[in-house]
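Order of writing sets the chain letters: A, B, C and D. Residues in each chain are counted from 1.
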Amino acid sequence: MQGTGVPLVTPFDDDGEIAAEALRSVVSWLESSDGIDFLVPCGSTSEAPLMDTDERARVIEVVADETDLPVLAGTGHAGYRTTVRQTERAAEAGADAALVVTPHYYGHDAAALSSYYRDVADASPVPVYLYSVPKFTGVALQPETVAGLATHDNVVGIKDSSGDVARVGRHARATRDEEFDVLNGSGSVYAHALDAGATGGVLALANVVPDLAGEIRQRHRDGDEDGARRLNAELVDLNVALTGRYGVPGVKAAVAHRDVPAGSPRRPLSPVGPEVRRELAALVDAALS
Amino acid sequence: MQGTGVPLVTPFDDDGEIAAEALRSVVSWLESSDGIDFLVPCGSTSEAPLMDTDERARVIEVVADETDLPVLAGTGHAGYRTTVRQTERAAEAGADAALVVTPHYYGHDAAALSSYYRDVADASPVPVYLYSVPKFTGVALQPETVAGLATHDNVVGIKDSSGDVARVGRHARATRDEEFDVLNGSGSVYAHALDAGATGGVLALANVVPDLAGEIRQRHRDGDEDGARRLNAELVDLNVALTGRYGVPGVKAAVAHRDVPAGSPRRPLSPVGPEVRRELAALVDAALS
Amino acid sequence: MQGTGVPLVTPFDDDGEIAAEALRSVVSWLESSDGIDFLVPCGSTSEAPLMDTDERARVIEVVADETDLPVLAGTGHAGYRTTVRQTERAAEAGADAALVVTPHYYGHDAAALSSYYRDVADASPVPVYLYSVPKFTGVALQPETVAGLATHDNVVGIKDSSGDVARVGRHARATRDEEFDVLNGSGSVYAHALDAGATGGVLALANVVPDLAGEIRQRHRDGDEDGARRLNAELVDLNVALTGRYGVPGVKAAVAHRDVPAGSPRRPLSPVGPEVRRELAALVDAALS
Amino acid sequence: MQGTGVPLVTPFDDDGEIAAEALRSVVSWLESSDGIDFLVPCGSTSEAPLMDTDERARVIEVVADETDLPVLAGTGHAGYRTTVRQTERAAEAGADAALVVTPHYYGHDAAALSSYYRDVADASPVPVYLYSVPKFTGVALQPETVAGLATHDNVVGIKDSSGDVARVGRHARATRDEEFDVLNGSGSVYAHALDAGATGGVLALANVVPDLAGEIRQRHRDGDEDGARRLNAELVDLNVALTGRYGVPGVKAAVAHRDVPAGSPRRPLSPVGPEVRRELAALVDAALS
């Protein structure tokens, strides 16, 4: 996976069920955007932790069926066995690779995380991406750990959502002798992360403004690094609102403002109110103007 | 649920499968102990986060089938729907009540937690206990939130594992006008929590020394508060080792030292080494002597 | 130092200068209360971090001059040399012992803390009390560290303000072979900490309701442990407001409600507003009724 | 202050006293380096929290006397009055501006921090720089707060040591209508922070490799942004060792390896051992080769 990926929102209908047709609409809208390179169902922005294993498999299936883009499916659970089964089902459903979040309930150390990822990679029928998102898990994968895992044939990349450009750069340098993708997960520092050696990004922001998110990467690839940063800077206020202040419910409201059926969030999340919807709409409009 | 409950270890066999016969042995050993009042399958000590929904239902079923004691089954997941389904399955499997951990991946505030618990309690076929375990979730239920929820007919108690005696006491006072059980989840302060108004406890420690854990409560109920605290004090070093230093793998090693088949922990957890096993054995022997 | 101590508020006048006469009034009011056993100028509640070394020495001098009670003076700074000089000046000013907060800016580990306290105790002309207040410093002294330091002839006690009853009890057990005072610093668990082996307490709450704070300890000493806890429980709401919600400005407002001249807090602290003053007044009146 | 500043180590002699001549050597060595634009005595790397107010004034005086470069002197204490007096003394000693760390012992909110900085800026005879270093204080200044303060005539910049490139960029954008310097305090992301709009940096790393630290900025100013990042990337391992693993004692050991008299750290800090000294020497040599 290289370039710009989208951690897809999962539309739910009024009964809280997966709205497959709406999901297809989301996929097809993103696919028609210029600059989206791959899709990521069942990530944090997808409310994967709020779905059961069957639902996650179903979401991956719908996405893989609808798109021609590569599919990097979130398959991580707290436990090894559930993660492996979810990964197998993702592969059956058409995923090209698996994004495996760090297990975290019991607070594992670096050695336990390394051992866990090696076991998952041994068992997985598709290539495995590490996923470090300390905001949600309290756990941050360190470059030394990542470098060790990168030597495994079936560990092919990492998504780092810490927003720490130095760490993204250290991942890139620590794995430069391997074929290893370093994907940045923070929309506020996408251009800087590419400067630091990231090979792409997976951005909640890309649900809302896929063309612009993709264009950051395109400008960078075309050598216009300064233009990439300028464009990224114009999107920071929107991204801070989406990922810092309002979270998944904010992303869904912003996607809805693009006339794409994002549906409601699942409990215990709840929709943002009208005032926040207006604030987000104004930020989206400003970004697009 | 009043008195002393045990958050049961879940034995797994060498293939990592639930070892149902070993689980029956654990249950039957605990039931034969003096002073255990109820059983808690699928809590944090049970490695519930490492099991899928079918496995959790199966564990609850085995326990409920084997025991005559009341069963308080852990049923909480990150999402509302999975939690409700798990709760329904627990009820079908014979659970008397459900212990629902705070959802935490997305970092919900007090209002969202209240709304979530009300919804779960509305839907649950059995009474609901709140479960606050900040060590694992980063979220602590506050007395004001608990007091509000205690007015719901189907919210009948809380397990608070913070180890904060003041907070346990505040839960008790804030809910004194309701029928509401306040269960303390920290073995290091069980006697103090009873002093502060707790009606019982659910202690990892009780897997290892059920008679002694139960006796703390019995002494307290019989008016020997000082004796309860003295006994508890003698168990603190063991409890700190079990829950502070070595976690679930430590509990399993200590249970095995009692000649009860606790099995191995599931990945990403891993068994403690021989040195820690000896340290735990010495602490258990000291507690029993 | 045994029994109940008061971490004295420091009155400042309208120009922000130390109001020595008002401080004498505070001291004399507390001394006239029944049940206060010693005084603690220059603690956290005294705004010591907002005073310079001369001012701290001056406050200690005024207090020592005014009172017949033992004086435990806060003398800890981030650096060793400043701490030692402040301790020497405290001794000259009449302090009977020094309360030395953990240094914390650079995040020292247990070995560095041990070495630091040994050096301070070697140099101090008066006995040294350790002071662990993780709420303000992010550092918590562990029982193993305390036990090691308790063997030093000039380290004679600890004030532990973590509110963690288990830890207070572990300090007490770990030092039971030494002459070592374990002082509890949390007013919400004073009675429980005495149950756990504490020899006394230093409570912000005692600025506001010295008779009641002292009575907790007196009841306990007289064998009425249950009565001690009952009284303590009635003070928890007040204590949570003082130390959890409103801090030093809240303590000063509550002292003023007792008609004792507490003065204003120093910047960057600021006085509480009229609504909070009324809330605190109501809590104080309820506690006294 | 624009360009590259050095948060000067403070040499102490064997008795722990300020070694003024050694300090002059440090200053003169740095001044002879190509690319150092200003000096910062009494910052975090200077062990300012371990010095008293007289000592800090003395250090500033020595530095200002020795150098022709602009002097940005650290003057922040926990309390307003001490901070203002230290700032006045710094101005008398020859400082051109004052770097004022966020007060933090009592955990002030954004409103209290704003009010505090306005008061300090009103009173200060020299321009004031905000200083946000969450690693040491637990407090991070947010761009909204910074933007509000930037409108004050005597608040002229910020040093942000969070290492968060997005936040540095947000500071820069939020203050672009003011004359306001945004100085980056993390040596691992200096080039990226300049890309994001920082006007310079204050780097512990610059004590050790001043030519290289300065060259990052020079390349950037000359339009070679890619070269600036490449050079910065080669220094990241060294910087992580200095500021992440070994702190001020590590910086002093590395400076000593440059044959510059850095002296020992003050207690409670302690010198690194021979193994770490060798590790740091190797990292320094690698950076210089």
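Things worth noting here:
The criterion applied here is as follows: contacts are C-beta pairs under 8 Å (C-beta built on N, C-alpha and C of every residue); 3 or more make two chains touch, one makes a residue touch a chain.
Everything quoted here is computed from the prediction, not taken from an experiment.
Shared contact partners of chain C and chain D do not exist in this assembly. Centre-to-centre, using mean CA coordinates, chain A is 35 Å away from chain B.
Centre-to-centre, using mean CA coordinates, chain A is 49 Å away from chain C.
Residues of chain A found to touch two or more other chains are absent. Viewed as a network of touching protein chains, the structure reduces to one closed ring of chains, two contacts apiece. Those residues of chain C that touch chain B in the complex are listed here as 163-166, 169-170, 173, 186, 188-189, 192, 195-197, 225-226, 229, 233, 236, 240. Listed in rising order, the residues of chain D touching chain C in the complex are 16, 44, 47, 49-53, 77-82, 85, 103, 105-108, 112-113, 115-116, 119, 136-138, 247-248, 266-270.
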